[in-house]
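Just below is one structure, and these are the notes that go with it.
The chains carry the letters A, B and C, assigned in the order they are written, with residues numbered from 1 in each.
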Amino acid sequence: MQRVFMMAAGPIAALALGAAVASSPAAANPYEKYEGTTIVVSWPALSHFQKAETLVEEFTEETGIEVEIDALQYLKLRDRQILEMSKREGEYDVVSWVVMWKGEYVSKGLLTPLSQMFTNGALVDPAYDIDDIADAYLQNGGIVGGKKGYMPGKSGGLYGIPFGAETSIMAYRKDLLEQAGIEPPKTYDELRAALPVIKEKTGVGALTSRGKTGHQVTAGWLLHLAPLGGKIFDDNWNPVFNNAAGVEAAQIMREITQTGPTGIPSYGFSEASAAFLQGDAAMYIDTLKIAAMSRDPKLSKVDGKVGFALHPVGSRCGSETGGFAVGIPANSQNKEAAFLFIQYITSKAGDKRMVELGGDPIRISTIEHFAEQFPEYPVVAEQLPCADPDWRPLIPEWNELNIDVLGQALTEVITTDKPIQPIMDAAAEKARAIMEREGYYAWSDYRRQ
Amino acid sequence: MAESSASRVNVIEQPRFDTRVLTPYFFILPAVLVMMAGLLYPVIDAFYLSFFDWKIGTPFSKAEHVGLDNYARMLGDPDVWESLWVTFRFGFWTISIEMILGVALALMLEKPIRGASVFRTIFILPLMVSPVVVGLIWRYLFDARVGWVNYYLGQWFGIEPQVWLGDADLAFFAIVFTDIWQWTPFIFIIVIAGLQALPSEVLEASRIDGANWWQQIFLVKLPMIRSILVIALLMRLIDVFRALEVMYIMTGGGPGRATELLSLHIYNRAFDAQLLGYASAISVLLIVIVFLLSLGILLLSNPMKDKSDV
Amino acid sequence: MTGVVLREVVKAFGPVIVIPKLDLTIDEGEFVVIVGPSGCGKSTTLRMIAGLEMVSAGSIHIAGREVTHAAPKARDIAMVFQSYALYPHMNVAGNMSFALRLAGTPKAEIEERVRRAADMLELTPYLDRKPKDLSGGQRQRVAMGRSIVRDAYCFLFDEPLSNLDAKLRATMRTELALLHKRLERTMVYVTHDQIEAMTMADRIVIMEGGIIQQVGSPREVYTAPSNLFVAGFIGSPSMNLLAGELTEQNGALRVRGTGFDLPVPERMRSRASAAASRDVVVGLRPEHFAARNGGDGELAPIRLEVDVAEYIGSSQFLAAQVGEQHVTASVDVGPDAAPLTSGEYFFDSDRLYLFDRDSGQAL
């Protein structure tokens, strides 16, 4: 566990504030009331958050609100947060969750609805402009209780603001595609046509992908499922991933494996990325983080040769979104100060500052602002409207489905030559059995009676 | 003590329970308590848990009591049986090859030939490496893209790069190979210790009786260290059912369930699929299997039986 | 040439020479006991005959065949070890028949030979038992049985009785002697116990420091020890060795030391006179002391200061002093005599031994 105390800047900030108040007594400082308050923030010890520490220092300096960061290993984060938030008076004032956890947190009543804060005119910065935040990010990370419980919809409410969110894009080797005489594929048809050509003409693997048994291979497949028009479940929780779109996505996974860098069935995220970064694959479709990684000389041998394009389109455009959002526990003792903190780090200025510090943006204005500087940003800006928050179901049973059912079936797909449809059908049967066991068909059964 | 002096005074009195017979039990009590706390408690707890449907992160008080559902599901779950089959195949190949190789190496390096001690030290090095590190080392060696195995196979034999950890048969081979690499030294050490403790006169007697090198090994040396071989076999067998870290790191059980040993299957069920109750039920199955196997081996060949050998 | 012959055999372990040069001829059918203290090289010699140790130089011949570099199994020998060296995983029959099975002897013949050997050694009821279920004496018999079944040309014994208790050892000695008579095989037996050597051997080889000190029948080595080492080693209790000086008195040769003055027997006179030095060691066997002079008065008087008189039945065993030197004496006075005290005793001077004090050789 890593605890960072940010205190040093406090007195200086107080002095500066005092001067400001003296010069214009009419403009009351919105932070004044909370000066000296200490809020505790729980977030993961990941790159984006480590870079945010500078922004946090600046926040304390400007507002006089002390921030104590409890940065935990990603895997331990959830258990610790649930423990704290289940107490009557919790220690945490701000928590950061992976979008997958949001439903559980809200259903257990652990989070404060942000509407409680946005109704407080004294707190909300008029310049905050929530509509500037990429809608896909906001819906995916912050809105809970809509359709299916995790999708946007009128029954939903806002519980968090995305922070450290990401989406999928395509990265490619300009030199290799040129060598193969191929334009970056815009559609899945083009992609499928390009795979063998690239392999044949350049001798380099075409598209890298995750493929290791379990959630990795499922993640690789899911990237293609949504654009091809597929889903895991229909609206009545019937598994539909064995329909034409699901099978086509699986077929593509098989083709990717056959034409890609050697060893895709053993790749996790880092292996798949490394294959691209070290020059063993011509294309990459996954998180936009590949852009920053390709510029890092410690990781990359391909800096300068990488171009970015939209995630190819199938029957629709659909990229994956994910990452983190921040919100306020229901048992926080400093909700207003916590809100001010969240508002600060996700404001237009804060978001720009995050990019300067090396983090990932959430606002369209930020992306546009830096479009010149980072070649992937225009692509991201264009990609975000396509982001599909329903690229996989956020239900507790997803773990088992993801790892035990799909993770196994897709391994069979990519490591054998067996017909795909029966494999996917069998997996769908298993999925149905799980959903049946967990009572998801209660409503449809009831109707049928 | 009071009891005994009393009975000495009055010999007619019925001999009463002599508390001194409890003394030995008193002495083993601490060991028993430690065993209970360290071994029995987790086992019993797993057994208890196997009657619940408990998901990680939710309070146990909310877990649903499901009776024998987990067991019923387990018995009908082809994944469990596949994983068990993988475990048995893994055990068969690793243990038989390790035994043969370990014994052969021990026989080769038993004599104080020049450099034997250097070789002995080198051979036991893999034992000193923690399983996690072993997993990492071999994961990178077998890496399809940058691994040495593919590199040298290509350099020396012109063999196309193989997806060692992503092909069902190759991945199985890879974990068997890694296990052999790591655990042959264990057999080697145990056997060489056993061989060196053999009375030299018996071996000389066999030379005079006319045994050649092979006959001496198979008719005299190996039968004489039989109890050691049985113990080594037993320990390896139990290890096979405990093996987790190396496969977890190398393949995670994949591709498919090709390398998912029962313990890894339990781990994946418990912590990936988050089915704690179900995983506990499979753990109970594992304990029963290991218990039966160990019992079987001990019945066939009890190493304690030959304690009074010359 | 038959028997077992060692010719100019040298054995060195690295730079350490344990046997400088050894020549020994053992006749066919002879029972030879090699005796000496620990580390004298007797076991090494036996193991070289067995082929368990290779000679550093010289040659070994068994039954007229050179076997210097032959493997143990090619030497037609059988060996019984101190620890019995039974195969713990085989039963008695298995132990006894192992060599025959290896040699591919027909099954019926193996059974017959094992049966005969077991009969001879009274092991028949135990044929199915494992060694761990046998007593020490029974194990010893099995070890011998294993050799007997082999029907080898030469039997080698490496201190086979030293793990047995005293009573059993005496019995086994007799049995071994009987066995030799029955089998009429060449036997080489190594021990540190001179009683075993004396009781069983046709000939005794006494070794010390890797060198053979004397080879001879038990009688020879007892009555005519060739040097001080043999004199002190053979005989129980061992010979008293006192420093003395040869003197001539009235034409008679006498040997004189502090507290004693004994005549040199007639048979030694010429050699004693010719001796290079007057300084000698006198050897007096404890059993040649007497409390009274014989009827002819032929015994020489000698004064013993008795420290302790131990009653051992028909005789008494004295720890005494002659002059300043400790001696032991075993005096036959019958079971009813009172404990003996200091005074004048007698010694059969015909049986005294003289050794050159410098070379240690007998005169």
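Convention: a residue touches a chain if its C-beta (ideal position, glycine included) is under 8 Å from a C-beta of that chain, and two chains touch if they have at least 3 such contacts.
Not measured: the values here are computed from a predicted model.
Engineer: Using the touch definition from the top, list the chains contacting both chain B and chain C.
Structural biologist: none
Engineer: Farthest from chain C by Cα centre, which chain is it? Let me know.
Structural biologist: Greatest centre separation from chain C goes to chain A.
Engineer: Would you identify the chain whose C-alpha centroid lies closest to the centroid of all protein C-alpha atoms displayed?
Structural biologist: Per-chain C-alpha centroids ranked by distance to the global centroid put B first.
Engineer: If you average the CA atoms of chain B and of chain C, how many Å lie between those two points?
Structural biologist: 56
Engineer: In whole angstrom, what separates the CA-based centres of chain A and chain B?
Structural biologist: For chain A versus chain B, the centre distance works out to 42 Å.
Engineer: Would you kindly tell me how far, in whole Å, the mean C-alpha position of chain C lies from that of chain A?
Structural biologist: From the centre of chain A to the centre of chain C is 95 Å.
Engineer: So in the complex, the part of chain B that touches chain C is made up of which residues?
Structural biologist: 199, 201-202, 204-211, 215, 219-220, 223-224, 226, 306, 308-310
Engineer: What residues on chain B touch chain A, complex-wise?
Structural biologist: It is residues 55-57, 79, 143-146, 150, 161-168, 171, 251-257, 268-269, 272-275 of chain B that touch chain A.
Engineer: Can you list the residues on chain C that touch chain B in the complex?
Structural biologist: Touching chain B: residues 50-52, 71-73, 77-79, 81-89, 98-99, 102-103, 131-132, 139, 146, 150 of chain C.
Engineer: Which stretch or stretches of chain A touch chain B in the complex?
Structural biologist: Counting only chain A, the residues touching chain B are 78-79, 82, 104, 211-215, 261-267, 271, 274-275, 278, 280, 396, 399-400, 403-404, 408, 411-412, 414-415.
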